[in-house]
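Listed next: structures, encoded as structure tokens.
Shared between the two complexes below is chain A, which has chain B as its partner in the first and chain C in the second.
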Partner chain A sequence: MARGEAPTTVEAPFDDVTVGVANAVRELEEVTGRRLLDEAGRLIRPARQGEGVDAYVSTSSAGGGLQMLVMGVVRSMTAESAQRAALGAGAIVMDTICSNDRRLLYQQIQRIRQLRPDMILLAGGIDGGTVTHVAKLAELVRAARPTARLGTGYRLPLVYAGNRQAREVVREILNGLVDIHEVENVRPVLEVENLGPARDAIHELFMEHVMAQAPGYDKLKTMTDAPIMPTPGAVGKLVEVVAREKGISVLGVDIGGATTDVFSVFQGKFNRTVSANLGMSYSVGNVLTSAGFDNVARWSWVDLPAVEVRNRVKNKIIRPTTIPHLLEDLVIEQALAREALRLSLEQHKEFATTLKGVQIRRTVADAFAQTSSGQTLVNMMELDLIIGSGGVLSHAPRREQAALMMIDAFEPLGVTQLAVDSIFMMPHLGVLGEIAPEAAMEVFWRDCLVPIGAVVAPAGRVKTGRLLLKARVERDDGSVEELDLVGGELVRVELREGMHARLTLQPARGLNVGEGRGRRCERRVWGGKVGIVFDGRGRPIQLPMDAAQRRQKLLQWAQAIGAFGQ
Partner chain B sequence: MRMPLPFEQTARTSADRAIHRVAKAWGIALVLLASESGAWAAETQRILPKEWNYLDVGKLPVLITLLLFGAFYLYLYRETKVGRPMRLRRLPGIDAIEEAIARATEMGRPVLFIPGINDIDDIQTLAGINILSHVAYIAAEYDTPLIVACRRSVVLTISEEVVKAASLAAGRPENYIPNNMRYLSDDQFAFTAGVNGIMLRERPASCIYQGCFYSESLTLAETGSMSGAIQVAGTANVAQLPFFVAACDFTLIGEEFFAASAYLSRDPSVVASIEAADRLKMVYLIVILVGVALATAVNLFPSPTLMTYLQLLKEIF
Partner chain C sequence: MAHAYTPGLLVRERALIRKRRMLPIRGKVLVQKGERVQAQQVVARAELPGNVQLVNIAHHLGIEPSDVPAKLRVGVGERVRRGQVIAENVGLFGLFRSVVPAPCDGEVEAVSAVTGQVILREPNIPLELTAYISGEVTEVLEDEGVEIAAAGTIIQGILGVGGEKYGRIAVAVKAATDELTPERVPADAQGLVLVGGQRATLDAYRLAAERGAVGVVVGSFDDADLSQILGYDLGIAITGGEEIATTLILTEGFGRLAMAERTFSLLRKLEGREASINGATQIRAGVIRPEIIVSSNEPLGEVEEQTITETRVGALVRIIREPHFGVLARIKALPPEPVVIDSGATVRVMVVELPDGREHVLPRANVELIEL
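Here is the complex of A and B:
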């Protein structure tokens, strides 16, 4: 597995993305010693006698990725479904306009004008449902006369994924103003969500309209063996395939400089959210503001005055491409990362829900437990695998630090495997999966994922010093280890990469590790750079109130899993 | 043979004597009965002095309840007014109302509201109309038609005004449609048949029943459920609750129905009254627990002092 990278050439003086692609491929040639480009700088395809490639795939996030405006009738129903379709296709949702967004008409029109999206997704009404509300939304677009962000002289693409009966009306209102593409309704009935057709249309239009406006993309399109996809869309596709093939629940997170993407598959349902203002460089100031100083400081085991922490965060905002040089910088960065990840997951939980507005069948037994629709799908006990991606996780000085960051931020319950994306290969594997799914899966498990290990965390009331769990670890090589996990402790058990182990867990009364309270649980886990982490810190993690004691405890935990060496 | 003994003779501690003085001041004389076996029982004799004629000691518990409630209410009202955060439990039934209206909006169908079948002099009808105001406001915000079906003419008139005002407050006065405010019949089952007709002909996407309902509850809720509507019910008629719970998506049970007004209005006076009632219930819960403990203790360790306390507790509450 080799990697080559080169700066983008989408802007002047090159104005051609393929120049950058050729530069990156040349680097690959140097690394692998295999000739991939011909004299004219084109990829040699198909592969022949030790040179060239069999397939070339590409993803794009040029110009900030695909930016979309989403419209729907009710925020929590068709607008939310439309948002899910756009996010699932890898778009950044700039705004969601709906009948109940509490903005006045002129404000909505003004907003559409200001945004200059790459594409609009208009949904609303079930099939045979409201036409008037959809017509009103179309009239807003008409009044705003939006223009595209990239290129001139072409009409803004609008995907219509709403009430079938309103198609004619929408066509009449928007005729000649935007390029309308009609697809099946995202909510044909309120009880069903149908996101596939809208997502496919967005991918198609991304290629046809949006990418066509970017310099050099017409050439790039001819080079690829599968359609170019927005980068987050490709990651989402891969996460979805992994979850489906293995029959597991997956949580993927990509923490970038400006945004954090969270992907999840629970109960077979894929969801993606973009936390637009939570990132580790450009948005790091916002992480501090959103989480609050105290929440960030609680993860730092170095004693730094508040002003010092703030100064370091501001330095990062001013120089976003710098990396930590001192241990204190690293501790602060990882504290910020924990909070960014925690907040992103919170936002994701609110978005990844069951459908709202569906009829519920009840019995008299439900009298005192009337759960409403729109419950979150994210169930940390059900979660099988967490995949971390992004510099702060993938390139942490030690994998133990990445493990600790993910455990602290996501607070998994029961038995959960941890892994990080080695060199941000997931987007490419997502596209490769379209033409060679088996190859994509093999590369994903063998080279893309860096297994970190597993975490075992009992759920329930945890008291410091109380016995929480009796565990027996039977490794494939025949070695056996037994341990008692006590409240407030973090214990690491070695399980090397490539090895598997069978865990037999007997939780104390009232605690649950996946089979119910006090019930014995057996799981098979794979090892990794860290092995198995037994987390007895409770959920939410109980940190001492006193600052000195808290620092002491954090250091103790970090040492327990060797996050900063001994 | 039991031998009555005046309490003064059995009072051994200063605390016992103090309690006796308080009891006497309220016109209660405690008399302990000692049996030959040595077991104790107690009873009270009312010795009302002349100057206490205006007080019916038999209704002392009512007076104490009133005073306690008044004290709690005044305290909480003052606190809430000066900015103490209101602590109201989430009511899924009320939260579901917005979801029900949103569903109707997406489906392009109306919302049906029934403020019970009793007249305006019923407190449940008043509570239902309070919720109607909230429903009308949200329906106007979503620009969704609202049908109100009434059994009593006075309720209709008031409902009309409430819907008109709520639509105006939401900035959509046109959402008040006079034809959608319907008086059906004063007869219970003619009214029920009329509502069922609306459900089947106009197929509302959401049916909201808030008020006093009797045997028609199941007929209404079943028809609504069969027509595929989301249904939110609320009534204080305990006998009708199982039908609503089984056939509706959400049900406001008993006091939740009255608490809904406080939940929706966030008016300090209404919130304070709900919280005061809750605190009063807490007091009674504690009194019951203390009473049970005392009665058990008297049974296990017969003592004149414990007997006196128990009897006094019975008298006061």
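Here is the complex of A and C:
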């Protein structure tokens, strides 16, 4: 498995994305020693006598990705379904406008006009439901006369995925103004969400319209063996397939320079959210602002004045491609990453819910449980696998640092496996899955995922120094290790990559590791670069209030895991 | 990595500068190809569609949406005045008359029998586009805008706030390492682009603004001070829309970084000349840097277009991350093998010679090329 990279050439003086592609391929040639390009700089296809490739696939995040405006009737129902469809397709949702919007009509119109989205998704009404509300939304679009962000020569695409009975009315109102594409309703009845057709239409239009504005795209299109997908859309497809094939709950996170994407599959339901303002370079200033200085500083064992930290963070946003050279810079960067990940998961939990507005048939027992529709699907105890992706996780100098960042930020409960994407291959495998699903899966498990290991964290009230858990680790090679986990401690047990172990966990009274409070739990886990981490720090993780003591504690934990060597 | 390059900020005394001036919507271009224009001259004009008001006639008159067209007193395309009756419903025997007045001056754009709404569009808003730089119109994009080219000096900054301004360059400090403090702000700064050296203090910036300076150009600024000016924390480097009278341009970054000597001496050479400045910055795909442009009268054909510099041994670079942030150094070697650096990461590095002659090894990502 090899990787080549080159800076984008979408801008002047090149104005051709394929130049960058050729540059990256040329680097691959250097690394692999295999000739891939012909004299004219074109990919040699199909492969012949030790040169060329069988297939070439591509994803794109050109021009800052696909930016969409979403519209629906009721915010928590059709508008939310439409939002899920757009996010699932890999879009950045710039705004959601709905009939029960708090903004005044003229404010909504102004907003549509200002946004200049790449595409609009208009939903609303169940089939046979309201026509008037949908027509009113269409009239808002008409009044705003939105123009596309890229290029002036084409009409803005609008995907209509609302009430079937309102199609004609929408057509009448918007005819000639936007390019309408009708698909099945995202919410045909209140109890059912049907996101697939809208998602596919968005992908197709992204290819046809939006990407077509990127310089050199026409050339790129002739080079690929599968349609070009928006990068996050491709990652989502892969996460969905992994969860389905293994029958597990998965949380995937891709922390990039500008945004953080969170993907999850719980109870078989796929969800994706984009925290558009939380990233590690372009938008790292927002992480500091959103989380607050103290929340970031709590993860740093380096003592630096606040003014200095602020200036360094802001210098990163204006020089986003630089990397930490000094250890203290790395510690600050990883502290920021923890907060970006934590906030992104919080946003994801709020969004990934059961359908709202659906009547639930209750039994007498349910009446006491006080549950309602719109509960979050994200259940950290139920979660089987966390996959981390993005530079700060994938390229952390030590895998132990990536493990600690994910554990601190997500606070998994019970037994959870951890992995990172080795070289940001998930998007490419997502597209490869379209033409060679088996090959994509094999590469995913063998080369894309770097297994980190597992984390065991009891849920419940944790007291420092008190026994939380008795654990027995039986490795496949016959070796056995037993340990007592004490409150406030972090313990690492070795379980090498490629090995498996059987865990027998007996939590103390009142604590749960997966089978209920105080109940014994058995799990089989795979090993990795870090092995098994037993986390007795409680949830939320308890940090000393005193700054000096906290730094001391953070160093202790980092040493227990081996995050910064000795 | 023969193709690697890290574009630095443009600091060129003689450059061919091209600016595309585009209307946000179609309008009228007022100049011809080949014409010479001045920075503040209007080159294109458009009319932005006015705001719209949705008037729910069905609701006001208490009738079905499908009955609305029959009750209207105005037609699509017709102009109306504020208060003018646009719909009327008369009950049996002429009793119970109810009317809907127009909420604003405007034009009836559409009527819907489905929602019972009328769309009223207010009068258009005129918009004028100036040339921004003095130069020659090299291309006219019909109804959309123009391209203006000029020979002159261009200096890009790393970050700015505030939009396009025009003013005379005045250097307020003696050296690139000097701070711009309140004492150094001239008593009459009206219309000036004030150049400082290292950083500007918040008080100095405020005083310059108070005394009428249109711009302040300095090496660096404290992030906390910038938040004071903006009223919020800068989360991402996308700026230009701030409504401030004095555009601020930083050439190096945040903290206490002296202005690069080359930038400073060039600005000193330009003292007294009229400059076009813009603080607008977008650090993302399609990067936009803040800039200071001074046009000259030199013919266009005699200046070279911008070229791409490559990372090679002997090239001059600026270090853009700690340690040695801001220091100029010369590349001594580009070892191909990745090296473990202080943070523990294994990365591709370069060996540079610092001004005092010492060697320093640093990640290739942490420098920017200096054009000569």
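Note that in this section the second predicted complex is superposed on the first by the 559 of 566 C-alpha atoms of A that agree within 3 Å, B and C clash if a C-alpha of one lies under 4 Å from a C-alpha of the other, contacts with A are read in each partner's own complex, and residues count from 1 in each chain.
The working rule: contacts are C-beta pairs under 8 Å (C-beta built on N, C-alpha and C of every residue); 3 or more make two chains touch, one makes a residue touch a chain.
Bear in mind the structure is a predicted one, so any value in this text is a computation, not a measurement.
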Contacts of A:Ser60 with chain B and chain C, given as first, second, both or neither: neither
Contacts of A:Leu288 with chain B and chain C, given as first, second, both or neither: second
First, second, both or neither for A:Thr132, with chain B first and chain C second: both
First, second, both or neither for A:Ile173, with chain B first and chain C second: second
Which superposed partner A:Tyr106 touches (first chain B, second chain C, both, neither): second
Contact breadth on chain A, by residue count: chain C or chain B: C
Partner chain in contact with A:Leu190 - chain B first, chain C second, else both or neither: first
First (chain B), second (chain C), both or neither touched by A:Thr353: neither
A:Met77 touches, of chain B and chain C: first, second, both or neither? first
Touching both chain B and chain C, residues of chain A: 131-132
Touching residues (chain side chain C, partner chain A) in the complex: 1, 3-6, 25, 49, 51-54, 65, 109-110, 112, 114-115, 117, 119, 121, 144, 158-159, 222-224, 226, 233-237, 253-255, 281, 283-287, 306, 308, 320-323, 325, 341-347, 362-363, 365-366, 368
Residue ranges of chain A touching chain C (in the complex, touch as defined): 6-8, 10-11, 13, 23, 26-27, 62-64, 105-106, 109-110, 131-132, 135-136, 139-140, 142-145, 147, 152, 169, 173, 258, 277, 282-283, 285-286, 288-290, 307-308, 310-315, 317-327, 329-330, 395, 397-398, 564-565
List of chain A residues in touch with chain B within their complex: 73-74, 76-78, 99-100, 124-126, 128-133, 163, 187, 190, 356-357, 359-360, 362-364, 366-368, 370-374
Residue ranges of chain B touching chain A (in the complex, touch as defined): 92-93, 95-96, 99-100, 102-103, 105-109, 141-143, 225, 228-230, 241-242, 245-251, 253
